[in-house]
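Look at the two complexes coming up: chain A is in both, with chain B in one and chain C in the other.
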Partner chain A sequence: MANKSLKKVQLKSLLDKIAGSGQLIAPIQSDGITLFKPVQSGEGVVLDYQNAVIPPKDFFFPQSEKMFSYDTSDPTWAIKPEEGVPERVLFGARPCDVKSILLLDKVFDAEFRDDIYIDKRNKTTIIAVSCNDCRHTCFCGAFGISPGEAEGADLLFTDLGGRYLVEVLTDKGSTLAAECSDLLSDDDGNGPAAKEKAVAPAKEKQMNIDLEGVKAKLDNMFEHPIWAEESLRCLGCGTCTFICPTCHCFDIVDFNNQSSIGYRYRCADSCQFANFTRAAGGHQPRPSKMERIRQRFMHKLRYFVDRYGDFGCVGCGRCLEKCPVNLDIAQIINKVKEVG
Partner chain B sequence: MCSTREVAHPLLPYPATVTKIIDETPDVKTFQVVFDDPAILENFGNKPGQCAMLSILGVGEAMISITSSPTRKGMLEFSIKKIGRLTSVIHELDVGDKLAIRGPYGNHFPFDMMKGKNCLFIAGGIGLAPLRSLIDYVLDNRDDYGRVDIIYGARSYADLCFKYDIFDRWPKVKDTNVYVTIDREEEGWDGHVGFVPSYLEELNPPSEDTIPVTCGPPIMIKFVLQGLDKMGYKDEDIITTLEMNMRCGIGKCGRCNIGEKYICVDGPVFNLAQIKQLPPEF
Partner chain C sequence: MKKVIENLRETAARLLQNKEAEVVIGWGLGSEAVRTQPVFITSPDNVDKLVWNPFCVNGLTKYLSDLKTRPGKIAVVVKGCDSRGIYRLTQDNIIPRDKVVVIGIPCAGQMSYTKLASKMDVSGQLNDVEDKGEDLLIKTSKGDFTVKKSEVLLDKCLTCEHHNPVVADHVVGDTINTCPTPDNYEEIKKFEAMSTEEKARFWLSQFERCIRCYACRNICPGCTCRECIFDAIKPDWVGKEINVSENELFHLTRAFHLAGRCVDCGECDRVCPMDIPIRLLNKKLLKDCKELFNMEPPGSTEEGGSVLGQYRLEDPEEFM
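Right after this comes the complex of A and B.
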């Protein structure tokens, strides 16, 4: 479908319309924090943010989710899977976060297909929004991501001042655009060039991190002293993993509140915790923070590449911003390049 | 995973019932189980060396190797050492009680590649449990394989698992030798005394056309591998298993990786050449 255009003043009407016909998830601000939440209308949806504190990953792989219920007093145990999600639209995902969902697909839509995740993916139409500006922690360019491209999204909006350029990227996007056709007009042909100008600041101002040779170097750095040095200041809090858009590790927990009826959940877990790899009987392959931070950086920059053919990081900068001791993956990349 | 459910979520377990319990040692019991829906077992398709996730709802879930060979139809067997919270609860089960099971997971022993070859099985303690699925598979297809030597050891006589197999059933099969050892002298024991790796070197079974497969505690495996190396085996032919803490069993929860390999889907069976490629973090 050809490029479309949406007048900025019409955005609220568009979001109202989407929210009226299904679930809408969009960035809102509460107490000064930008978060993706289900909303009833376009009211309060924010657009002048660089990135939400928590990535929209949570709507595909929630921090905690019920998998099934059971009743041990029932002779069959009555194991019953949870119902899926309604059809919904995720509005406002930034290009880095969209890419992170493609990376999660590699994990969850693989050999053993994860139906709970795939149900959410299939029922979600993603409207990405290009970045006109960036935070001081952004470095998506290192991973070949552009602030003005969003492969994996269904529609891409770019703020051109008085209007949005609306690029239709998939059939799903085309369907949604058709449903909103009364609010959209055809782009006058100037959209793509105007987009390049609009996203230029986000490209130019972001950190310039070059990954050339980093993977090859890490292939031989398992025993390197850098991990022990860097781990000295790590607090083991796990914040980096909980706010990461590509981290997918989880625990499985039963909850029954002393009753025969219970639920099995899965919830986000962190490779930064000792219990993550400690087995019954005492086997502990990652006994100290050295092994655990090595696992985190190796997983993102080496193991994920070997397993899935892409880096497990999108340069969103959340972990740089939130780490209480500035243990910074961008710095690690630079240090890996420097050390012998 | 095969399923009769419409939505075959890979993390949903299937209820099963304990049909027999064998006390193997003071802390190991073997549980024979059948699925409540017989179609699940028919379509289970487990191969020797594969594992399954066993759970008690409300307590937890753990990856346990399937001890029975797929040639033994109509049930699955799991030999379980009482070592943590879940296994302690499992040890309290009686015949007729329920377990939930999902699987089978992981790769399997190379039983096809081993056809026509001699087999050398080396196990210590509960390490015989995963190997037993392969041993029974080989012995149930006896004519497809050459000589079978089984070297098995435990701390004491009481700690030997599957006494009915190692002393009675297996030695009666043609061309099959079982060598049993215990770590320390003990009243009433007139068999071999010593650790498994030194017994292996002492026996020095012929290595020609032989595939060695070893399972056991890490320290035993370490010295067995050194012994096999001295005997001239190629790394590609030496088969062993690795173990890590697991949750999902399907390569997603992220905790059982060694380098880029997930032990739950790429393992637990590896040859020594593959293990030497992994970062030393196990």
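Right after this comes the complex of A and C.
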């Protein structure tokens, strides 16, 4: 479908319309923190945010979710699956976060198909919004991501001042655009050029991190002293992994509160926690913070590449900003290149 | 500031040289201009990595618990607020006092990274910081920035009880004579005036955000249990599921475990990625313990232990 255009003043009407016909998830601010939440209308949706503290990953792979419930007093021991999500629209995902969802697809919708993840993917239309500005911790360019492209999204909005350029990227996007056709007009043809200009600051301002040679170097760095050295200051908290748009490790737990009725849930787990690898009988293959931080950086920059042909990081910069001890993946990348 | 850095490096070099300490834990330059990162210096040749500036926010005492099995003594650099963590650890028998060499730095206040990042480009490398009285001149590779100290000071530094460390084997820097400004708990009084429903509404909306990363616990010098209740698998006292009920259980249990023990360093607040005002819970318990038992901020003196771990006949018991 040809590019569309949306007057900025009409955006709220568009979001109201979407929220009126299904579930709308959008970034809103409360207590000074921007988070994606289901909203009833376009009211209060923030548009000038740079990155939500928690990535929209949570709507595909929630930090905690019920898988099914059971009742052992039921003679058939029937397992009651959870109801899936309603049809919904995720508005406002940034290009890095959209890319992270494509990376999660490689994990949850490839060799192994994860039904509860796929249900959410299938029922969600993603409206990405280009970045006109970025945080000082952003480095998506290192991973070939552009602040003005969002492969994986269904529609891409770019703020051009008085209007949004609306690029229709998929059939799903086309359907949604058709439903909102009363609010959209055809782009006058100047959109793509204006977009390049609009996203230029985000390209220029972001950190310039070069990954050339990093993977090959890491292939031979499992025993390198850098991990012991960098791990000293690590607190072993789960901040980096829980705010990461690509981290996807989880634990599965049964909850039954001493009765016959219970449910099984899964929840995000962190490779930085000691319990993460603790095995039955007490064996601990990653006994210290050294093994745990090595795992985190190796997983992002080496193992994910080996397994899926892509880096497991999108340069969103969340962990750089939030790590309480300034254990900064961009700095680690640069150090890996420097060390012998 | 330059003189303090010189003294600090000289002291660290001497300690390492004379084998009076095997490692010195201090602050080094971070990956951004207004951040520092904890550094662990083991050779006198590397003491130049140590810095002192208004961005040395991290409390370093918890690392003593990580490194306590290393041979030799451990030197750690502390500010006033952090120094109370030393006595927390020794009173809790986590590490013997004679295993630790305390390097104390009098501190006039530390600056918030979040506040600074909203006022200047923090992405460069730090070249120099000059104290200009009410302002700070921050010289970075991305340019020079002048910020008003009062606008970027960490909130906790507004009510500082110990500008000077309560314990130090070596003091680097001049004693600060500014009168301490103990908290008069104005904010807590506001909460106390709220109805139970209002308090519940406030706290549940805060706890709802918690992602249970445990950064607050892991930075805390009072959280040193061999097996933390939140890590226990059998029985699993607190479920791993993230919901407001489990999150509330986590926060309230943690607050009670620290009642009468929290040294009020404020690190839990700083490290929380979700900006949950965790310190408010501890503050309420500090206020109660102060009013009921006339408690000094825990960790202020070598003796003491936990006020709730002691019994006196004259203890108030009006709740009974």
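Throughout what follows, the second predicted complex is superposed on the first by the 340 of 340 C-alpha atoms of A that agree within 3 Å, B and C clash if a C-alpha of one lies under 4 Å from a C-alpha of the other, contacts with A are read in each partner's own complex, and residues count from 1 in each chain.
The working rule: a contact is a pair of C-beta atoms (placed from the backbone, for glycine too) under 8 Å apart; a residue touches a chain by one contact, two chains touch by 3 or more.
Just so it is clear, the structure is predicted and the values come from calculations on it, not from any experiment.
Three-chain overlay on chain A, with chain B and chain C fitting side by side and no clash.
Once chain A of one complex is fitted onto chain A of the other, the partner contacts of A:L169 are absent, as it touches neither chain B nor chain C. By the document's definition of touching, of the two partners only chain B reaches A:T277; chain C does not. Of the two partner chains placed around the shared chain by superposition, chain C is the only one that A:L235 touches, whereas chain B remains out of contact. In the overlay built on the shared chain, the residue A:L6 is in contact with neither chain B nor chain C. Of the two partner chains placed around the shared chain by superposition, neither chain B nor chain C is touched by A:L156. When the two complexes are overlaid on their common chain A, residue A:V107 makes contact with chain B while staying clear of chain C. Of the two partner chains, chain C is the only one touched by A:L320; chain B is not.
Of the two partner chains, neither chain B nor chain C is touched by A:C244. When the two complexes are overlaid on their common chain A, residue A:I333 makes contact with neither chain B nor chain C.
In the superposed model, the vertex angle chain B-chain A-chain C (Cα centres) comes to 90 degrees (nearest 10). Here chain B and chain C sit at a least CA-CA distance of 7 Å once the structures share a frame through chain A. Overlap of the chain B and chain C interfaces on chain A comprises residues 251, 269. Interface of chain B with chain A (complex): residues 1, 5, 7-15, 36, 55, 57-62, 81, 83-87, 98, 100, 243-245, 247-248, 250-255, 257-260, 265, 279-282.
Interface residues of chain C facing chain A in the complex, by the touch rule stated above, are 30-32, 35-40, 58, 62-63, 66, 117, 121-123, 205-206, 209, 211-215, 217-219, 231, 233, 236, 239-243, 270-271, 273-275. On the side of chain A, the complex with chain B involves touching residues 67-68, 70, 72, 76-77, 79, 81, 107-108, 110-116, 222, 247-252, 254, 256, 262, 264, 266, 269, 271, 276-281, 283, 285-286, 291, 295, 298-299, 302-304, 306-307. By the touch criterion stated above, chain A contacts chain C in their complex at residues 30-33, 35, 53-54, 63-64, 136-137, 207, 232-233, 235-239, 241-243, 251, 253, 255, 265, 267-270, 273-275, 289, 320, 322, 324-328, 330-331.
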